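Handing you this structure, nothing more for now.
We call the chains A, B, C, D and E, going by the order they appear; numbering starts again at 1 in every chain.
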Amino acid sequence: MIPENFIQSNLQGISFIGPELILTLAILLILLVGVLLPYWRHRILFTILAVAGLAGSVLPLWKLPQPAPDLTYLSNLFVWDWLTFLSKPFFAVVGVLTILLTQVTGEIDNSEYSECTILVLAVTMGMMLLVASTDLLMIYLAFETMGILSYLLVGIRARDERSGEAALKYVLYGAFTSGTMLFGFSLLFGLAGSTDLLAISQKVAFASQHPQDRLLLIVAILFFLAGLLFKTASFPFHFWCPDVYEGAPTPITAFLSVGPKAAGFVLFIRLFYPLFATGHDATIYEAVSGLDWPSILALVSAITMTLGNLAAIHQNNLKRLLAYSSIAHAGYLLMGIVSLSDLGLRSVVFYLVVYLFMNVGAFAVVAMVASAGGSEEIDSYRGLGARAPYVCVAMAIFLFSLIGLPPFAGFVGKVYLFAAVIYKKIYWLAVVAALNTVISLYYYLRIVKAMFLEKPTETIQIQVPLSSRVLLLALLVPTLGLGIYWQPLARVVSGMF
Amino acid sequence: MQYSLPSFLIVSSLLFCLGMYTVLTRRNAIGILMGIELVLNGAGLNFVAFSRFLEPSQTTNLLSGQIFTLFIIAVAAAEVAVALAIVLSLYSRMKSIDVEDFKNLRG
Amino acid sequence: MTDLIFNVFILLTIIPCFWVALSSNIVHAAFSLLITLFGIAGLYVLLGADFIGVIQVIVYIGGILVLIIFGVMMTQRGKLLPLSIQLPGKLFGAVLTGVILAALLLSATRTLWPVAAVLGEPQLTSAAIGDLLLGKYLIPFEIASVLLLAALIGAVLIARRSVRGE
Amino acid sequence: MLPDHLLSWMIFFPLLGAGLILFVPKRYPTVMKGIALAATIPPLWWAANLYVQFDRWGTGFQYVEKVPWIRAFNIHYYLGIDGISVPMVLLTALLSFICIIASWNINEHVRGYFALFLLLDTSMKGVFCALDFFMFYVFWELMLLPMYFLIGIWGGPRKEYAAIKFFLFTLVGSVLMLVVMLVFYFGSVEPATGLHSFDLTILADQSVHQAFLRSHTIRWLCYLGLFIGFAIKIPLVPFHTWLPDAHVEAPTAISVILAGILLKMGTYGILRISYPLLPDMAREFALFAATLGLISIIYGALCAMAQTDLKKLIAYSSISHMGFVMLGMSVFSNTTAINGAVLQMFNHGTVTAMLFLLVGVIYDRAHIRDIDSFGGLAKTMPVYAGYTGLAFFAALGLPGLSSFISEALVLVGSFQQYKIITITATTGIILTAAYFLWTMQRVFLGPQNKKWADLPEISLREAFTLTPLALIVVLLGFYPMPVLDLIGATLKHTVAMVVG
Amino acid sequence: MTNLIDPLHMKNMLWLIPCLPLAGAVINGLLGKRLPVRLVHFVGCASVFLAFLISVAGFFTLLGIEEPHQRFLIQPLYQWILTVWHQGSFSLQVAFRLDPLSITLCLVVTGVGFLIHLYSVGYMAGDESQARYFAYLNLFTFSMLLLVLADNLLLMFVGWEGVGLCSYLLIGFWFTDLEKAQAGMKAFIVNRVGDFGFFVGLMLLFWTLFEGSNGTITGLGFQQLRESIPLLNSASPILGVGLATWIGLLFFVGATGKSAQIPLYIWLPDAMAGPTPVSAFIHAATMVTAGVYMIVRLNFLYVIAPAAMAVVAVVGGVTAFYAATIALTQNDIKRVLAYSTISQLGYMFLAVGVAAFSTGIFHLVTHAFFKALLFLGAGSVIHAVHSNDMLEMGGLKKYMPHTYLTFMAAYLAISGIPPFSGFVSKDEILWATFNSHLPVAGLGKALWALGLLTAGLTAFYMTRLVALTFMGGFRGGLEKEKHLHESPSVMTFPLMALAVLSVVGGVIGLPAVTHLPNLLHDFLGPVLSSHGASGHQAHAYWLELLLMLISIGVATTGIYLGWLFYVKRPELPGKVAARFAKMYQVLEQKYYVDEIYQALFVRPLLKLVALSGRFDLNTIDGAVNLSSRVTAKFSFLIGWEDLKIVDGAVNGLAEIFKRWGAALRHLQTGKIQHYLYSVVLGIFGLCVFMFLF
């Protein structure tokens, strides 16, 4: 017997997960086309279907009621707040960019293409669900949807040994850390008897008063961190990142570096904050009593960014370099988490948005250069500025933005993050981050130097197709625009927390 | 041991830790996978045990623990399928599933 | 009587488990895992989770483990390699695992779990679980199916190439 | 005649030119150069007008433009000038114009060069006009990008190294400034609105500082952060090693800009930001700053004497001369020293610009800059030698030329507060004379070196770039009041504020 | 004419005195190459001549003012420097001050200057860069006049350094000769050392007065300084020495530089590398006397600083003697004259040191006449012989009669033979010294004796010079002898004019014993502090007469000995030299002072320079090496011994990061096992931290 009200509420709630449903439909459609029309296996068809699916997934959002922090649906599995509302288009954009990048570069074979688009859509769906979830079970499921399918994405280029190795590392590392996190979930379920985050958070706050329970909470926090820091590629769970990023097809690397990483950070906000921090009203949060995880995270943040930046210096493979750079950026982003304030959360979201454009941009250029006859090694960038000025100028802008120089969006993002820690008077972290910016300059500039300051070693002409240029332009506009006038995004972000 | 919650927790902790030990010490990729299965089973046992022993209340349904385990099994299935596919594909090329052999990506 | 059965199942779970971790033969380890999983299924039943127990047997043992054993079999053709790492690494792993085990055991026993004062009678759960799966957990259920589908497609894609031997 | 929003026009007009250059087809390099030149003339005209119309007696900011920019952070587009900015803006406009002409022989990547140059021009003027801390910072950083490329692409043999060293060093300074900027933002509350603020005029009001910003440690650290940031730019001695490299490798016009304007930004920043925001710390750091100034003077001079590369020598001489600025700025018991310091900023801008242009002239002809490989050039290129002599004597502070006035004012003013330091600094003028004359002798005097006997005399274009500067150097040597009366009222106000 | 000497009118014309030569310099400097040589000459000479005429007019204007204390004209031109703060201000004007002291110098500078310009027309004939020469010379005249006419110390400093610049330019006029160029550099740098003292003195003076007057003293105008100078007495002494003394000594350091006194005289002999008229004008007649002028200008300061005065006197006296001894053995005619100049300048300082300011100025004027004449005569000789070496001269009197005759006039003047001008002024100095009230008892007498001895030496070496140059037979070889000729009239006319002045110049400062008015003393009186009159009490005429006779005796003895040594028995000098070989060598090598300075100052400085240069190159390397050691430790700790740390030639801050980056890369082993370990280790590590916090 299914209670009537279940059906009722499910039917109502289903409209809230319209985007995910549309994505599922798109997946099925692609699958059908792939199976039924084997002679139609043109890339462009799948691209159109996937992009249409992603674009369509965003449409229902504007039909839905105004988001509110306590508006939950589908038996409290999901919440409809501003973070959810804005994350969905964000991940849709991530998906679209990935698909387009796959389309314009030739790294994914035609024979793998439809599966690739399906997986991208499915991971996107997982990420969309993840940010909306307020239930441990749902979080776990979405987390694994995102995770397991991205292992596949990394290994999708089966002809390539490095792709396989990367996938193996990713799957073993990922399965282990998510298993660890799951064990942490189970412990918290034991404490609360519920999988609902709200219920658990009350129990945690209560339990943190008891000295007997503290050990459990510490273990739980650490196990949670294993999963979250793994997803965000932060120290000490970052080791998979450079290898996986290098081995994966470049569009997928770009995808991983913004999608799951962003999901990981949103999960910090969605999962970690409600459970282990209190006091949302005062715009400043506090760690639940007696558990000083912010200090640990601050340390993790500092080590992550320093390690990422230092290790990046010596890389000659651009994907690997950008992988370390993305580790460093995880460190920067953690500053926002550490600051335990609304400003910190806003800064994380803001940074994720600008990071999306600049980082995908950088990877896009890497992919385009590689597919236009170059390679991912820095050597093939020597003197490229003269041969492919448009792409190189774009690359330079993305890199300067990643450094955090005005007038590019990355600078504003960094200002947000710095502001967050300085607001909480964690000055040492701000200074460490500031000095890290300087270190990061060094390796980003190596690329710029190779492109513009050095003479070409080979004279092959690099032809970048128009579609690639348009895609780059689409990434450049926000990278530059948000650096000069970011008030609209600032307003949106301010409304979220 | 008594039929009580701590007994089950001890078992699940042992499962978890033996799984972890397996993961750490195996050089065989499938061996590592087995360790991961142990870890997942440890978590699953926890959920079921808690759903049995905890105080039921009005607002929450302890059955969600069992449901959780159900989903863990489903996810584990997907995970194993994916992992094995990757392992087999690597094996077909490298003729090895020794993780020590996969260190081309480093530095 | 219950305690006896209970302890048997515990031993059935834990002892092969050690084998999984320590055995130097991957096939032995795989079959030990089989026994462990059976033991866990038994524990599920003892915990009144009959449905989960059944699923454990059907899916875990019938599906996942078969898959693993299949994998083990398929990969035994190549050179025979040491299954585990060297002794120092093992010792180090054992120490680390030991520490974490200690922490877990300590927290398991010290924590004030909100246990029921009086243990209720176990009830049949299949119906209730079915209700939940088609009610509250309908969406997760569907998502899990999408996950499985996508994982299947991907796994097939990757494995297909390996079978073709490309 | 003059447009509304004069400062905005002046700042962004070169940027329009840069935009235009991007659309000129590649085969018309001269058109690009022409556009670049055209883009620097109106700002020069406006700057000259600004100079004439600036109210000498006003202590507040003039030509103010204030528009909200980012409300979320209470950031404003806020421009305005006072007596310290005007000479700097004028100098920037003048040197930009001159440098475009001096860059006429750039034939490689013409489009990029001039577009970047104009971007640099915009950012420099922006720094001197910005009154919002955030905006100041944006312009300050924006400057680095074109500078990096201009050194790195069009520079000498070790350009990559020099460019990245320049970038790294200056970035260290600016990130520290960024941190301090945010500390100030959160540490102050604008009374009218209750918001945090980046407005420098508001932050200068000590009463808006919140309790934690009143703590001595925080203030001390903030000042230190700002000071290091600016000291790198000036550069004061322990932070100076980027400068010789950058100068040696940079193309002529860029060296001119670097020495003529960028270095001034350090001292300008101290005057515009450090002093108003942290007057108490300015007093506390004064002795330290003066000592660093002294060390720069002496050490810079000693190092200059050790150089064999003409450009490096001038680079070190810049360190020495900027030491005078720092010394003068650290005196608060009178305004003579600080007037001298700001005048020295302007004078050094013109003199060192001349010096680098002159080095460029010889480098274009001989393709070396090794001092010892020349000799007797005065015979070969008498006019060139004349210009160089003028520049050298101006640089060594010969009375009757502009630098003398400023250095004398600095020394006279500093003497009241720091007797020993000033006396030691005065020995700097002996060292300066020694190395400039020694260089003069090695390059121009002595028997004519046959190898360079047929170097062509300085061209009309080169003379055209040098003459205005030479005139300014001579004019201000005899009559420095045109600058002194411009800066006097503002500096009086500044000193009064620091003294409290 | 009456209009011209109207004070109001004159006042507005003052600026013309320096600016006419400046205009000449600008015209010749910028356009000279394109102008015909005649025009260059005309511009060069006429500008100075006009300035001279205006100076003469100025002189009469001053004389026309009845009240001696009103005899000054100040022309403020424009505000030069103005900085204002709450408690005070620093304000200087560009203003010219014409008073008896400055007009005296103006007349000398423009008058002698004009003659030398004229002479140069002949001397430099045929040189390819005459325009440059005249431009420099005019520029020098301008600077000197600026120095003289400046109404405040800083403006005076402008002229002070300006003359140094021109001296540099003119010494190195023939710059293709490296030695000459180096001589110019040496002159400038040594002068800068002196200027350092001047400038520090200036600062100390200003701030002491400023603080003493609570900020009402805002400038450095001489009138103001003079009125407020007593404030120095109330300032607290530094290191037990009064401020007036400190300031006086510091200014005197400046004076020793410019006026070539011990210890900064070393540049002057080398400065003879310039064209001879330059030596005559700058390095004998005018510029080098700037130090004397400055001290006289600041007489109000020195009179309240007796200790400083004593130092001035002693340095002057010792320099006079010391330079004279060196002059004994030199063979370069210009060098002899150069040391003689140093020696005579020493006399002047001796005079001002004993507070006989007007006497110092008097000697300055007469010295300008006869020393310019000597140099110009020497120039004429060099022009003919094409050598500076006296050993290649001799017997020139028959070839160059005009030169010889005029030279003799100067010779007698410098040797102190009455009634030539030199005798009058030198004797006045000796008398003033004898009569002085120096703080140390007996010092005056000792200095007098030293001065007297110097007078004898002077007579001796001048006789030697004359004898070697004009007497005997020509030693330069037959070839040269053929070309010997008298100089053209454009050169001899200035010689004659100066000869007349050398002979009669003494009338402006007749000694008291003649019972005639000492015109110069009376004229300068208002400028000088009353204290300075000490040399002229109306008593002890017999003593003055006696001393006069002694000095005449000494001078004649000197001449006689010189005649004995170099005319009568030419073999004697060699014998004496052999007898006192060591001493002779020391004198010939100028006491090795150049070498000592080289070892004491120049070489250590160069070492320091090289050290700084190296240090600057290596600081970063040092930092990097340190970090590499740390990195090596680090890599050892984590067990990757294979990590190669490249020692040595590394440069750049980035290297530090690079090395750490390289070390960190080794953590990324690529082994899955290690990664999985890292997970557990990570959890473990975080756990530890969790408990630590």
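The working rule: a residue touches a chain if its C-beta (ideal position, glycine included) is under 8 Å from a C-beta of that chain, and two chains touch if they have at least 3 such contacts.
None of these values were measured; they are calculated from a predicted model.
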Task: Contact-graph distance - origin subunit A, target subunit E - done: 1
Task: C-E or B-E - the one linked by more C-beta pairs in contact - done: B-E
- [ ] Quick one: point me to the chain whose Cα centre is farthest from that of subunit C.
- [x] E
Task: Whole-Å gap separating subunit B and subunit C, where each centre is the average of the chain's CA atoms - done: 5
Open item on the list: Measuring centre to centre with CA averages, how many angstrom lie between subunit D and subunit E?
Closed with: 36
Task: Intercentroid distance (Cα basis), subunit D paired with subunit A, Å - done: 43
Open item on the list: Can you compute the centre-to-centre distance for subunit A and subunit C, using the mean CA position of each chain? Integer Å is fine.
Closed with: 30
Task: Numbers and ranges of subunit E residues touching at least 2 other chains - done: 654, 665, 668, 670, 672-673, 676-677, 680-681, 683, 687
Task: Where subunit C touches two or more other chains at once, by residue number - done: 85, 89, 93, 96-97, 100, 103-104, 113-114, 136-137, 140, 144, 147, 151, 154-155, 158, 161-162, 166
Open item on the list: Where in subunit A do residues touch two or more of the other chains?
Closed with: 137, 141, 144, 148, 152, 155, 158, 167-169, 172, 176, 180, 187, 190, 192-193, 219, 242-243, 314, 442
Task: Every chain pair in contact, whichever chains are involved - done: A-B, A-C, A-D, A-E, B-C, B-E, C-E, D-E
Task: Contacting residues of subunit B [partner subunit C, same complex] - done: 1-3, 5-11, 13-22, 24-28, 30-31, 33-35, 37-38, 41, 44-45, 48-56, 61, 63-64, 66-67, 69-71, 73-82, 84-93, 95-98
Task: For the subunit E and subunit A complex, residues of the former touching the latter - done: 654, 657-658, 660-662, 664-665, 667-668, 670, 672, 674-676, 678-679, 681-683, 685-687, 689-691, 693
- [ ] Could you pull out which subunit B residues touch subunit E in their complex?
- [x] 20, 23-24, 27, 29, 32, 99-100, 102-107
Task: Complex contact set, residues of subunit C against subunit B - done: 2-3, 6-7, 10, 13-14, 17-18, 20-21, 26, 29-30, 33, 36-37, 40, 43-44, 46-49, 51-52, 55-56, 59-60, 63-64, 67-68, 70-72, 74-75, 77-79, 81-85, 89-90, 93-94, 96-98, 100-101, 104-105, 108-109, 113-117, 119-120, 122, 125, 128-129, 132-133, 136-137, 140, 144, 147-148, 151-152, 154-156, 158-159, 161-163, 165-166
Open item on the list: Considering only the defined contacts, which subunit A positions touch subunit D in the complex?
Closed with: 386, 400, 405-407, 411, 415, 418-419, 422-423, 425, 427, 430-431, 434-435, 437-438, 441-442, 445, 448-449, 452-454, 485-487, 490-491, 494
